[in-house]
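For reference, chains read A, B, C and D in written order, and residue numbers begin at 1 within each chain.
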Amino acid sequence: MAGSGTAHMRNNDEVVLEVRDLVVEFKIGRGLVVNAVSKVSFDVCRGETLAIVGESGCGKTTLGKAVLQLPPPKSGDVVFEGTNLTKLPKEQLRSARTAMQMVFQDPISSLDPRMTVRALVEEPLWIWERGTEEERGAKVRELLNNVGLDPDLVLNRRSYEFSGGQCQRISIARSLALEPRMLICDEPVSALDVSIQAQILNLLQDMKDRYGLTMIFISHDLAVVKAVSNRIMVMYLGKVCEVGSPDAIYSKPAHHYTSALINSVPIPDPTRKRGAVPLQGEPPSPVAPPSGCRFRTRCPAATELCAAEEPQLREVNPGQYVACHHPRT
Amino acid sequence: MNSLTFKFIAVLRRVAQIVVVIVGSTLFVSLLLQLLPVGLEDLYVFALDEAGRQEQIRLLHLDANPVMFYLYWLGDFVRGDFGSYVYPTGVLDPVAPRLGAALPISLRLVVYVQIVALAISIPLGIFTAYRSGRRSDKVISYGLFTAASIPNFVFALLLASFFGVSLAWFPPLGYTAPGDGFVEHLRSMALPVMALAIPTVATYTRLLRTDVIATLREDYVTMAASKGLSNRRILFTHVLRPSSVTLFTSAALNMGALIGGTLVIEQIFSIPGLGSEIGLAIFSRQYFALQSYVAIIAIGYVVFNGIVDVAVGFVDPRSRERSNA
Amino acid sequence: MRNLFAQMNLLSKLSAVWMALMTALAVFGWLIPLPDPREYDPEASAAGLFSPGHLLGTDAGGYDLLSNVVNGARTSLLIAFISVGFGGLVGSAVGIIAAYRRGRLDYVVSTGFNILLSIPNLVLGLALVAVLATSSDPSVPIASNRRVIIIIIALTVVIIPILGRIARGATLTWINREFVVAARSMGMRDKDIIVRHIVPNVLPAIYSVLFLAVGVVIVAEGALSLLGVGVVDGVSWGAMIARVAGEFTYAPQSMYVPVVVVALTVIACNQLGDFLRGRLDLREGRI
Amino acid sequence: MSAILSIRKLVVNFETPRGLLSAVRDVSLEIEQGSSVGIVGESGSGKTVMSRAAMGLLSGSTVRREGTVMFDDKELTAMRADEVRDQFGTGMAMIFQDPMTALNPVRRIGSQLSEGPRVRLGMDKKAARARSIELLSLVRIPDPEAMLNKFPFQLSGGMRQRVMIAIALACKPKLLFADEPTTALDVTVQAQILQLLSDLRREMNMSMVLVTHDLGVVANHTDFVAVMYAGEIVEQAPTTELFSNMKMPYTEALLKSIPKIDSASGARMAVIEGRLPDPTDRPSGCGFAARCSYVQDKCRTEHPPLVDAGNGHLYRCWYPLGHTIGRK
């Protein structure tokens, strides 16, 4: 991977979100610092779904939250519809956030257990004092209907009375209450059962169409990502490996990590035996990442160059960018 | 920086924490004296002539501001001078020798209580955990819950009246030093130790029971069973150690409650320990002595907890990692 | 309320009834025609249970025990409820805010709690009472109603760090929940997050501890009296215990009344606290 | 081939405050010597309870178990607790979903690893240590000697899972139960661990039961699959037969609803509507009737029996796939 660079950035009118050289670090005591996100840049165009894919610890969730300045990144810029969020004063940031909402991984933990569904979905409207009491009530019912829940059955119940899938529906309804223009979904289906996953993924697609949303879809699951995204960014240990369209990435991955990731996904078809040897080893600690390319310790193609010099993103095929000194051909 | 340096820094940080708490608690007590509705001078300066008066004020540092007053006390305290009882005649009776006599008695009391309480509660906690939900567990657990709720002085009074007076098995009052006959010593300690130990046993047993039940549900206990180990072996090698962490931590925290308990229990059983000394100091308005007594208790408590933290680190390696991080 | 009562097991129900009875005695006890608690009956010293005119007997000094229990309930429960209420309020507010803000404020607050907790409860209470209850003229003792106020202040100081630390710990477990992050991402102000999301979730943990704290304070009041700094010359459960404690060698029967009343009250408080915690665990278990 | 484990009419109920919870209903299954059998189901399907009940690892006053389990020609269900225990380690062994919770957090890897050989095989300290090092090399852990002195929390997820496999294999069991062994792991590490398990199973001529929710995992790593739904086996068959000729609508729906890496991007996914039936109140008909897109009246009222389609392929459906009769 592992590199930085901005070759993949598009400069057109359609870009709604532009993230440049974003750095997020966490202090974990003993003078140690986790390099969660290191100089990551990307952009998202209007109506597009950008998927951010990677394994645990690659910084994808931190990146998603940092876009919303939760918490604010250490350095770098987040420009949303022309406004640089990192430079906004607290109050303006608060109102700027309403245009971007988030759906979280754990549907149960993301809903306050003491509140009724009505209060949960109404809360964003309450915060921003949108509409009268009645208008808000009508809006809540409309939202619940749209996410496939019967308002009469659910309004006065609390989150623990629902299954994970239903909680995720409530959570999605809440995130749409302020009519955001962008939705950041952080592993929205990974805590759900297989048969429920598809329901929620379809719902997200429907909501995207109905509300004209631009989406960032964060996931560890390549198969899920393939179904929902227009553009994929693969991350490893706080850096970007590869950016491109789903078709390009899945059919001819240029980065060795992307290829290993794709080859590791079990396919529910016994007749298709895998030839490839699985990737060896595990990701190094983000506290002391390797020099140069961060993937080089596990990469079958690593050379001395990879240890010495960090690869920059460059275009290998039209619209497909890779940060690798020795890309697959 | 290497990991040894980090360990050293962690230890330093820990020591600094202890010092902050000790200084804070003694400063708190010292500043408390400023709240006295009476001037300290009116309480402790008895000289008739002005020169003698000034001399005494200087000697007791009563002319210093609150912070300096504390620092003088701290300086003396660090050098082993724990202050004095000040009598109307102007005579100073140093605290140190009285402390030397009283402290060991209270320490004995507390240590006996801890030994008795742990000796009973560990087997009882394991037993009730393994019988969890059955009748024997329910009976014992409800009994213990009640016992944990009853104040120790209630036990003290009941025990003294029943075993001390009605049955006369044990002396209801007084203390015999071990030097004057060890059996008599134990007999004189029996009732106070029981009075403090009964609620303590109840608390410890409940804690251990809860933890053992939680540990028995852990995957690694099922894993141990799937290795084909006997129940007894699983109990001793897999269940007991992780389950005992809370017990030992709270046994340490409970030292504070026990020291508080000795105040009352020593009073009821007329035992000349630290509790009786503190009672006397308060009764005769010896606040300098009181300040030192409180300081000694706070130091003992904080240091003891520090030791237990380290000990827990050996029992549970995860906590070592946590406290370093 | 009725709903809550219906969920209780037998012991919790009995505890609730007992606490209601004691509270009723504290508030309306003066309506019951009883002998003056401070007036001794020269005819009946150390009378047993059900003696004529003395339903629960008298102590060695001839004081009517029932009257002392009823009138003592007022003082003892007043001390308990006020110091726990006020200490709980201050402690939880400080604990919640410190945990929510983190950083330096949190360090200062938790160090403060640790300092107060490093002095055993009873020693701290004793020292506070001893200092505050010093009268300027040793020959004039402090009036018992002023002693009550002093004890309330002292025990409030004792309760603050106990509940403060629990509130702080409970807050820490909630602030990392995703719904708090969600609220922030919706643009909610910190003040509203604390009021709407943190406090309602932390409160159940505090309720159950409040009952335990009432028990702690009732025990402390008794212990302070035994040590000679309680409302010794007044009417309270602690004062009764202090009196009978000196008499148990020759009048043991009069000891049982105050001892049983205090013990039952503390057991009831703990039982109710335990019940609330059990409900809490059940709820948390579902979350 | 003979069966190493044979489960007959296994029923497991739990007593709960809400009434009897029926976790496993009338499950029969044979595990052939040397085979790898996958048990697939969503959460709440009863797959974990079934495997633990078969091993005799479910205990507690609220558990009600019926049926017989034969292991290695001995009837486990008729044995005393200590006799069952003697089968563990040398006969049956188990690995768990989350290696963090399945390894004792306060004991070193070495002592947890040598425990089995010392207690069950009577090895002395030195021999057990040598065996431990051998086992760690077997699961391809670099520098096994250093590993002996570590605590579980010092290892990565994949290393922990390798250690757990080593512990399970310590006494050369004939049958290994692997309960979601890779669910807690990252996808690249998951591939390594599954590969390792398959290799070791062949090397040691061991039988394996692989309990998982992932049809992809069973497709690549098992010879035979049993699909569980609502406490029952609804379909079982040799792996290739199952995937090429599935009879049960639930199996098909499950397979279709999985997002696949080779599906077209942006395509709408097939969905199973609704959710699992309440385990304390089982429907009288087919458990899947309320969610099935081929449902008929009969499905709602009559419980379908297991039907034999030959080749060891059994299914529980009134209107199986591939038959046109009775379909809407």
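In the analysis below, a residue touches a chain if its C-beta (ideal position, glycine included) is under 8 Å from a C-beta of that chain, and two chains touch if they have at least 3 such contacts.
The shown structure was predicted, so the numbers you read here are calculated from the model rather than taken from an experiment.
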Neighbouring chains common to chain A and chain B, by label: C, D
Pair of chains joined by more contacts [C-beta pairs], B-D or A-D: A-D
Interchain centroid distance [CA atoms averaged], chain A/chain C, Å: 51
Chain A and chain D, separation of their C-alpha mean positions in angstrom: 32
Touching residues on chain A, where the partner in the complex is chain D: 55-56, 163, 165, 193-199, 201-202, 205, 220-224, 226-230, 246-247, 250, 260-271, 273-274, 278-280, 282-283
Residue numbers on chain B that touch chain C, as the complex places them: 20-22, 24-25, 28-29, 32-33, 35-38, 42-43, 142, 145-146, 148-151, 153-154, 157-158, 160-161, 165-166, 172, 256-257, 259-261, 263-264, 267-268, 278-279, 282-283, 285, 287, 290, 294, 297-298, 301-302
Chain D partner contacts - residues on chain B that touch it in the complex: 133-134, 218-220, 222-230, 233, 237-238, 241-242, 315-318, 321
Chain D residues touching chain A - in the complex, by the definition given at the top: 42-43, 156-159, 186-192, 194-195, 213-220, 239-240, 243-244, 253-255, 257-263, 265-273, 275
List of chain C residues in touch with chain A within their complex: 177-179, 181-189, 192, 196-197, 200-201, 283, 286-287
